[in-house]
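Below you'll find a set of structures to go through.
Two complexes, one shared chain (subunit A), two partners (subunit B, subunit C).
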Partner chain A sequence: MNAVLRIAAAELRYWRRSRLVSVTFGALLGLMLLSVLSAAAHIGEERRTREADQARTREHFLAQPARHPHRMVHYGHYVYRVPPPLAVLEPGVDAFTGRSIFLEGHRQNSATFAAVQETSLLARFGDLSPAFLVQAVAPLVLILMGYGSVVRERETGTLIQLWTHGIRPWQLLAGKAGALLAAALLALAPVAAAALWTLVGHRDEALPAAICLLADLLYLGAWICGVLAVSSRASRRWTALSGLLAGWLLVVVIVPRVAADVAQASVPVPGMTADGLRAGAALRAAGDGHDPRSPAFAQFTREVLARYGVSSVEALPVNFRGLVMMEGERKSAEIQQGFAARRLAGEAAQARVARRFTALSPALALRWASMTSVGTDLAAYHRFLVAAEAHRYEFVQALNRLHAEALNYADDARRSADRTAEQRTRIDAGHWALLPEFDAAPAAPAARAQAATAPVLVLAGWLTAALLLLRRAARALGRAA
Partner chain B sequence: MQALLRELRLLLRQPGTLALLGFVLLTATTSLGLGAREMAAQQALLARLIADDRAERAAALERADDWGDAAYHAFVLTYAPPPTLAFVALGQRDVAPWLLRVRALALEGQIYESDRGNPELALLGRLDYAFVIAFLVPLFVAALLHDLVARERDHGRLGLLLATAAAARRLWVPRVAAALLTLLLCLLAPFVAAAALLEVPPGAAAAVMLIVIAQTAGWAALVLWFAFRPWDAARIASVMAVIWLLLNLLLPLFAKLAIERTVTSVSGAEIALRQREAVNDAWGVPKEVTMTRFFRQHPEWAATTPVQTPFHWKWYYAFQHLGDVAVADLSAAYRAAIRRRDELSAWTALISPAVAVQRALTRLAGTDVEASLHYDARIRAFHTRLRQFWYPLLFDDVPFARERLREVPAFAASATPPATTPGSR
Partner chain C sequence: MTTIPALHAERLSVERDGRRVLDDVSFAVASGEVFALLGGNGAGKSTTLLAFLGLLSPAGGEARVLGQAAHAEPAAVRSRVAYLPEQAAVYDHLSARENLAYFTALAGTPATSAAIEAGLDAVRLVTDARGRPARSYSKGMRQKVAIALAVLRRCPVLLLDEPTSGLDPLAIDEFHQLIATLARDGVTTLMVTHDVYGACKVARRIGLLRQGRLVANFDAAADGDIDPETVHRAFVREASA
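Up next, the complex of A and B:
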């Protein structure tokens, strides 16, 4: 054990003397701190703004004067996507998704105002987020620190001296790995601090935060083992470095992009405009709720009359026009929800295709693990979209029910032409309190943790593979010794 | 010339170099193929949607019984077709919407709707040719040239080779030329083939090639500056890796952070909210007030018959337009902020070659922020045309005539956004 510690200490001394290592590692630490602070400020601000926006639009809705309930259906409501607290660690798709949706009757709108559209071409370079630094930059720094660790000793001939001092190959590798691990842990400290800081206000996020850090450790651990394995098998420092850099390029830079391209090509998702056009005929066949005389509602009319045992819609105890609005909304929502569900399923299928590439790139697996556990992945975004649609349907139908129950049919039918009838169709503003609170809480921490199991296992697989490589490298060293 | 041929032969005898060049050829070809496939898919989708849009509008207008109702249901598809060169640089095309159906209602309530692709794929990014040139070319150049001198030193041949200064020039110049020429061949040959196949105008193709050559030459100069230092190959390689990371990723990301903090764009949420309030308040305001305000914008309709009933389409479209007018300043400020951020990001090109290349290529390809702002402007212009089509029918109380619905204007895509010179590196 003592030998292991001595070797680790010697490695640390070597790094302190190397200008390149001190500068790059120092820069990594600085960047980590900066990114954590900036992410915390940014996500905190976004959360506050969107929560305030949500509260404000609700007040707007409640403050509307007495009017026809269907006017409120068209007045509509806005919902805002609030990033989860742990988005500080991994912003995920946040910048690439709309921040708010306008909810109204008859239509499903898209999420608007995505940050990526407002931030110039630089948005495509990524984010200086803690997640990016751990996924992309930290491995590179570990490579620069560790590529020479064993091969350097071989090149200078000190390896033989170590063997003659009775050092065993595994001790040498454990010492070097220990030094690299210490560096990795130091680099992760700001991330851990940010996670702890977030937990102050959101204690139930402990499990996802722990999974994030575990995934980071597995990932960097795999890199450390890989770097050491390559370094101990290489005959020259240059070979070790160029091999590792090529590996980094593939794993971090190229494979994720190929994954996106392959996913895009293998599952076509026509998009909202195409769906809107395809839904047109079905929506017309379903009937327009504004037009109770439409043949599309003939069957519905007969059913309603039979249910109430009356012979004409005028004789109904409720406002028939409101009933038709409800029926029209039910049918149109069903059609549009069908298209939306297929679209979301298509996107989810694309994501699954991309995730198969985790077998080629642990960086993808890490991103998947952290996005899933903090709740900034595609599924979390889809959850928001589905919640928004449920919210829309709920308040629109509540207003339509008022339309049916609180309004007189004759007044309602005449309101466009008769000013006094129109006055009587305005109902008290107190009714607008029917607007439910929008609850778009992310999936429960335990559920997210469970969803993150698969990528964490993939990362564990990568670490195991890297450990096996390292063991083989140790055996090879042993034969040489 | 003979020296160059000798170096070329030498180069092609090294298995490592051959593998690298093969990889370059493979990435360049793949990226172009993927880009072309994506653009063909967008092209095909667009062709289908244009036809579907026409059919859908005809069907939607079948039951219209007055102009106002027809205008309400007459959505028209607007689009930004993929420009010829888009396969080189996909740019904003997978994040900025390029399809939108609009109608004569308030545009500010429609224009931010965004039919956007899968965000998780957008997050991963694309392996397009622009990416290969901006991010991978530096690494290819470094891989080929960083150990130019160190290799010879390692083999103990350096002293011999450099006996005289003239000998040095005779050695390095053809060797570097051979390496760069083969690299450029592997990068440019697939592009030339793709450009010929996809009928890219020669001028544009030449501009792309110029950017590729400039990027390669620029990085070659930088790498050689280090290659001639008395360092060993591993040290040069690690320094190059750090420089690559700094120039291509860290500096642009710092710049992005700074730009986002300096130009705080007007909140889109604010535009949407204010527009809705303006449109909805109209229902509670006396109709004469709304109409007077509308006639201030459109005096040509002031003399038409006044609105008498609680609901009239004239009044409806009047307040819709006033909703747009109410947020015109906010909306303009929002676009100005986006443009300002884009302009500021141009300065980043001075310190980051990757930004310079991406900007130049997306500008050439018509897939940059300017192009999406251009599409935004075209939607706005088309919406005005749409209103101008309906207004005379509504305000002059023209008797409803179904056959005139065929005259609803169709959106005509302009070729590419205003041609601009490629940004300088």
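Up next, the complex of A and C:
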């Protein structure tokens, strides 16, 4: 066994005999195991429930009896956001964003039933995801294990003994780093096991899973080098510990909080409610599709009559009321989609501002890398919202098209007053099969992996910087040796 | 043919933090000889040891160990030198046996269990204590572990920094016997200390340092036994000068 391995083994033995380290590391391992098991059970249950709910809500839609197609537009349909398989590793924004959206004609509804809205504050505090443990708790434990690694040897005089036994500074630091790396790998083992377990049913997720784990390793590697660099330069154990704890607080707590605040302040994004109020005037001006005589549709009426070469809506070969519904839906969707696009662009801009703070906090870079690679980031949520709106528009317009093509204008116009006419405006339930299957799968694994390249490079930069710090510390030790 | 001294300070000067703490010091210690350096606080005693370990580079002159310049060939020098700081540096969480196994392995000369027991026998560390963590050891016991390490490593040179401070009279006596035994086996010892009487008892030659300069020498071979009172008076005179 060479000197580096001997030093690493000696450090591991020291930790085994230290009650503080044994308890702290044992707690981390226990939490890690618990959180992985809990996340696997929770995400698995969420996936099953939401997929079942999606199938059930579709069955309900298809099971509706013969009706006027516009009744079905307002009957509506729910779509559910199914968490990606690797959400076990990083739930990302899942708990904070709505699980489902009610889709109906003329309006875009918010996603609702976010997990945090349904749990108490205490329950939220207890939600320790594997990702949170890696981002916040694991560095803290590495600090507690490693802050004294070198400074302890200096304080007790064994550092000089090591030099007099022919140990070089790089050997000492490599041995200490090896021990901390072994601890980090052991702490990450449950996460890796969860990733492998997920891959059993989702082999195509191998690349994102590997990137997620690579990001974890780069992050913890940077912490290990930083901890050892500080321990090497400090003259007292308490100096090293207090400095490292201050660094942890800055990197894990303060900078991410400041990043979020700065992002919100620099790119104000109105909420959906505020947008709804602002869109109201534009929607009123665009006209109500339920009222074909609205002046808002006068121009449209003229164009339709001209296109079909007739002089009145009654002479049209299609149901004019259905055409107006389609036009009204097109105009209202255009207005609402404009607001939504600006809102999503604003949120994306906020995320970009927050990402600039990865230069100050590798914890932010890790969160960015893991959420992007597993598909639980803001972009994945936006993807769901866009897919839901496209789905809504498609099935509403398909029903409006049925309204225009399958219903007689005269029957439709007097259905409120004439029961038999109303009966004739009910179309066969077989038409409801027009409802397409909702598919809002996250971006392809390769695309997610590519998107995660930037934060992984940022983390590699952090590791490089920490290695340079460690090299400087080794040189300083070398001058004393 | 001239014999190379085991330790040779040749016009050795050392600066620390821009201050000259050792100034033009010269002395030589022959193989198997015990040499004591006396001096008050800040006289440069520990600095001399660090220079012989190659842990401090000389501003002038040289510190040579068995003919090799310590600052130029620190690895080669350290492989032949055992160093005992004032607080014998052993790992508190390891037992005497584990400390010896670890350090000898690091030095590239791993000791067998039998050799470790023999080393601990040589320093007369009580058997019951050998498997206990060193945090439960007295200072004397810790020093025995450190000396056992030197024995196991078969180091021809021993550097001791205030080895008897804080020891009870019985432990001091035992320690002096140990050094004498090692000297008979050919181990060269350089001991820096405040302890005038202990130095006179164990060393055949004594040097007196004051503010980084070697100001007096006492030689038992030339003067018969070194008179502790003479050394003590010189020590007090130089310390108060």
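Things worth noting here:
As a working rule, the second predicted complex is superposed on the first by the 476 of 481 C-alpha atoms of A that agree within 3 Å, B and C clash if a C-alpha of one lies under 4 Å from a C-alpha of the other, contacts with A are read in each partner's own complex, and residues count from 1 in each chain.
Criterion: a residue touches a chain if its C-beta (ideal position, glycine included) is under 8 Å from a C-beta of that chain, and two chains touch if they have at least 3 such contacts.
Quick caveat, the model's predicted, so the values are computed rather than measured.
For the composite obtained by overlaying on subunit A, subunit B and subunit C can both be accommodated side by side without a clash. Once the two complexes are laid over each other on the shared chain, residue contacts for A:75 go to subunit B alone; subunit C is not touched. Of the two partner chains, subunit B is the only one that A:274 touches; subunit C does not reach it.
When both complexes are overlaid on chain A, the residue A:17 reaches subunit C alone and has no touch with subunit B.
Contacts of A:390 after superposition on the shared chain: neither subunit B nor subunit C is touched.
Geometry note, superposition on chain A: angle between subunit B and subunit C about the Cα centre of subunit A is 90 degrees, to the nearest 10. Of the two partner chains, neither subunit B nor subunit C is touched by A:193.
In the superposed model, more residues of subunit A are touched by B than by the other of subunit B and subunit C.
Looking at the shared chain after the overlay, A:3 reaches subunit C, while subunit B stays out of its contact range.
The least CA distance from subunit B to subunit C in the superposed model is 14 Å.
Contact residues of subunit C toward subunit A in the complex are 53, 55, 74-75, 78-79, 81-83, 85, 87-94, 102-103, 105-108, 133.
By the touch rule above, subunit B contacts subunit A in their complex via residues 27, 30, 34, 37-38, 41, 45, 48-49, 52-53, 56, 59-60, 63, 77, 91-92, 95-96, 99-101, 109, 112-127, 131, 135-136, 139, 143, 147, 150, 232-235, 237-239, 241-242, 245, 249-250, 252-257, 259-260, 265, 267-269, 272-273, 276-277, 280, 283-284, 309-311, 337-338, 341-342, 344-345, 348, 354-355, 358-359, 362, 368-369, 372. By the touch rule above, subunit A contacts subunit C in their complex via residues 1, 3, 6-7, 10, 13-14, 17-18, 156-158, 160-167, 480-481. Here subunit A touches subunit B in the complex through residues 20, 23-24, 31, 38, 49, 53, 56-57, 60, 64-65, 67, 71, 74-76, 78, 80, 92-93, 96-100, 102, 109-114, 116-128, 132, 136-137, 140, 143-144, 147-148, 236-238, 240-242, 245, 249, 253-254, 256-261, 263-265, 268-274, 276-278, 280-281, 284, 347, 350-351, 354, 364, 377-378, 381, 415-419, 422, going by the rule given at the top.
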